[in-house]
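Following are the structures in question.
Okay, so chain A shows up in both of these, paired with chain B first and chain C after.
What follows is the complex of A and B.
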């Protein structure tokens, strides 16, 4: 008897979300099967990767990572253009970390100017991220949304504490939205419901389950992502159908394995390789859990993950 | 659980009038209200429709799907009208359901081939010429006949929705438990489990008006516990829909969120 490949059947599919404008716009999501199981259902888009750039020089990044961008990181527009032109970035994620009250506390208007400068320098899609201070993000993201009007950006992150303002801003300027909840599948669903009840189209939401680094809670993120995806595909739960984004770099490049010098940890091998491996491995884990979009920092880690994606699709 | 909205029905005066006058307004309004209230499918009951039933079914299917983007459950005993409805049905939002075949030979021989021909879902009522068997075991025997006919017509088992038939509790109290038992037994007739459906409101026929919603709701919860897949109900009864959504949560069929009732 001939071998028949056992196939799972699915009742729902992930929403497809387009980010950016023009020929370099990127579509994410749309899959009707679990990750990399294209023989079971349509998988119209590969997972996408965005390079992270920041509005202020990344003084807090490990030195090996700072060195990669040392010639461009003083100017966000230059940095973004470098990622697009030299590194082949498919998308850019601009993190307005300098607006955080505990950092440079930059004003919302200054952040808006940075957004404009970056947008003028690139034609790939832009993700605009606040500093993860819910209160300040509400102001900063409003100005950023206005500044980016017409470019169909992905704005983040709307959280329980500030979603009303962030949703209103994204809606007014026609952007897509990242909705993030604290590593809890039921809260993720609740936030999506609240956002759609404001009149925001569910097809414009991207879910951030809240990421974590390998060795530092990745299994929690993984399991929340699995449950979100299972709700979308098996239970056809429309509120859980948005594609998922993982903010990988910010969680990886602060753990000790990416920073500890070889002198302190001789058995761990060269610190530069370690960081790259840590970021790539963390990202791969998220892809297996159903990630549609990764925000990453190191070009070599990105290349490794791209090789994996191309090998599996 | 799939809610099949029952309100587009020739029995109610306003809907009957609209069907006769080919007046889209009241029918489309009822369709939209039901979908917004939680119906995932709409029953379209045009009755026996002996005179120009095919024309009426064609018109009403198109009329409803113009505004309600859900599949329809076509409810008529007229085979010509049934076929016209299946032809007119837009499958973009899911396949049509035939309501219904049964163990009665003539009906089974007419309706089951239509399900095969149009690749539609079909309800199998477990009754025959002698009526509704008292015992769940005997309803299973009729289910087996329906399933046999389906195999003959190329209709997959997962496209059949077996209906144990609900009897009014005021007149035959012992039957309410028997229908619950039948749901459990139907599920075991095949692997994967057979799907099931009921016309729910019959449970409270003959009971005082004030009691009917309560009887309907509690009985629905009991049937759902045994794995009921779908029910033909009035989705405009808010509390009934709330019970269904809540049982789905408690049984792990949908993911909990504080606002689950609003979705």
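What follows is the complex of A and C.
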């Protein structure tokens, strides 16, 4: 019996979303096939990776990771420029974690200034993330959106609790939007519907299915992502067609495997390698499930995943 | 391919004799279709029916066992392309490549023997050693295999050689150990099949690309040998994901028998992080045996976690065993928190308690693996049950206070809990685990 390549027929495709302006703008999504199966459908854009920087020094990151940025992390603009110029970052993700009420509780205006400083320092696209406090994010992201007007940023994250203000802010300043729901296919769909019902263009949404670290529930994110992608491609469900983003670093660099010294866990090997491998492997899992955009922290993990992406397309 | 009850019924005697224990042949057919009965129960089944149903009941991807005893590795028998459809059945095996020219064969084999780690109650490890006849010398190969077997007696052995003489020299040391011979190519298939048959081994069939490998597999099956794993030669990530997806689809959706075998691959790179990432692709995308060039602890830990995660049953929540866990150097005055035994809940709560740097006692209550809200809604995380658990847990002997912190989502239970736990103070903690560090820090600062 001769082998005939068994191809799937797809009825839909993932939306293509452009982030940033000018020659370094980045397009994500647009694929008309399951992840990396270019033999049966167009895969026009490689998954992109954004380096995460923060508005305040990352005191809560594991030491091995803090050390990588110790010369630049006191100044977000310098940090972002370092990632762009020295590390070759394709995008930057600025997390305004210092605005969280339990952290420094920075004011929205201060956050806006940080956004401006960072934007002045880079020409790659910028992702602007709040502190994941739904209430505070509504104010902070509004100011951040204004400050970034005209730069076609990706703003996040709109959640069920705050999407109305976040969507309005992103819409007013012409930005793209991350919509995040709690690790559930139907909630993701519902949030996209609510957002588009406000008049926000569905082609400007990027879905965050809610990430999780390797060993800490990655299989849930993985399957939610596979199901979202299947709905977009096989059922041509337009409400599930946005590209997907995974916030990798923030989930990875707080689990025991990336933090515990070898002295405490002798059978786990050196913590420096372990952390890098944990972030890269988590990212690889998401790529296999359909990720279009990864937000990551460690340069060596990023380089590893870039090598893999180049080998996958 | 799975048959429907009606299709099976057509091949039964249709006498409704009840000898099988079912009221009618149709009822029996339905049980057969649901795999709740076997055809042996029917004394009157024709030879034709047995042959037909036997072939149809074979799994579309054959199961292959490497090694013997309770540490043997079984791979294959997969039934789906996506884990949300149904559980991935047999987790892939990891193998360490050892060359017979390596100076440290024993040390490497020992690393495999010592690779076991425990995650979420499961003992997991690198199961296999792939000994390669790099030297081309039969004596050296046999010697390396002997060393590997004696240093890692429980590991399954893959013999990477196409040299008949070398294999003949190595195989006696593996009697009864069900090794995998890797392997057979178009040029040597006759010899390899004969060796595998004679030594109770399975056989890796290698050819360049899917079409060639399927033809070779078909030829080997034609020689009366079916204990096969296949290797298309894919070593780059793009080739792996494309070819292995096509193979899995062909076997499951097209009933393409010549590809209905587990896949063996190698993930090699000079860069250990790239090697780990490449192996991740193989794990996620349908490889059943992944050979690695190095198994540094940190690397294996990540790969074993990925394999465990992707091969869990999506229908059954992973559970942690019920216990009062000590977080940090918790003493008698350390705070006591209670939560449910859904592994994700446990991991997240544990992680945040650790992040708080406040030594604590974390009481994890068995709720059939449900999360806090679900368990509460299902009546498994009620005031009475929590009270009973706390009283029976023995924690009262370890702490000097009587204050229990409950998840914010079940704040409603606090009154009832104080009634059921006389003398205890019930404190409502945060709803989300990420608020625990601030909560615990405030708490100890206030104390």
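The rule is simple: the second predicted complex is superposed on the first by the 310 of 313 C-alpha atoms of A that agree within 3 Å, B and C clash if a C-alpha of one lies under 4 Å from a C-alpha of the other, contacts with A are read in each partner's own complex, and residues count from 1 in each chain.
Please note the rule applied: contacts are C-beta pairs under 8 Å (C-beta built on N, C-alpha and C of every residue); 3 or more make two chains touch, one makes a residue touch a chain.
Note that the structure is a prediction, hence the values are computed from the model and not measured.
Of the two partner chains placed by superposition, only chain C is touched by A:217; chain B is not.
Judged by the touch definition given at the top, the superposed model places A:301 against chain C, while chain B stays out of reach.
When both complexes are overlaid on chain A, the residue A:227 reaches chain B and chain C alike. In the superposition on chain A, no contact is made by A:150 with either chain B or chain C. Using the contact criterion defined above for the overlaid structures, shared-chain residue A:189 touches chain B, although it does not reach chain C. When the shared chain is aligned, chain C comes close enough to touch A:284, but chain B does not.
In the superposition on chain A, A:261 makes contact with neither chain B nor chain C. Touched residues of chain A, counted separately for chain B and chain C, are more numerous for C.
When the two complexes are overlaid on their common chain A, residue A:235 makes contact with chain B while staying clear of chain C. Shared contact residues on chain A (touching chain B in one structure, chain C in the other): 227.
Residues 185-187, 189-190, 193-194, 197, 227, 231, 235, 237-240 of chain A touch chain B in their complex. Chain B makes touch with chain A in their complex at residues 253-259, 262-263. Taken together, the chain A residues at the contact with chain C in this complex read 1-6, 8, 34-39, 60, 102, 132, 212, 214-220, 222-223, 226-227, 230, 254-257, 267-270, 273-274, 276-278, 280-281, 284-285, 288-289, 300-301, 304-305, 307-308, 311-313.
Chain C meets chain A in the complex at residues 82-84, 117, 119, 210-211, 214, 218, 236-238, 241-242, 245-246, 249-250, 253-254, 256-259, 271-274, 276-278, 280-281, 284-285, 296-299, 301-303, 305-306, 308-310, 312, 314, 343-344, 347-348, 351, 354-355, 434-435, 437-438.
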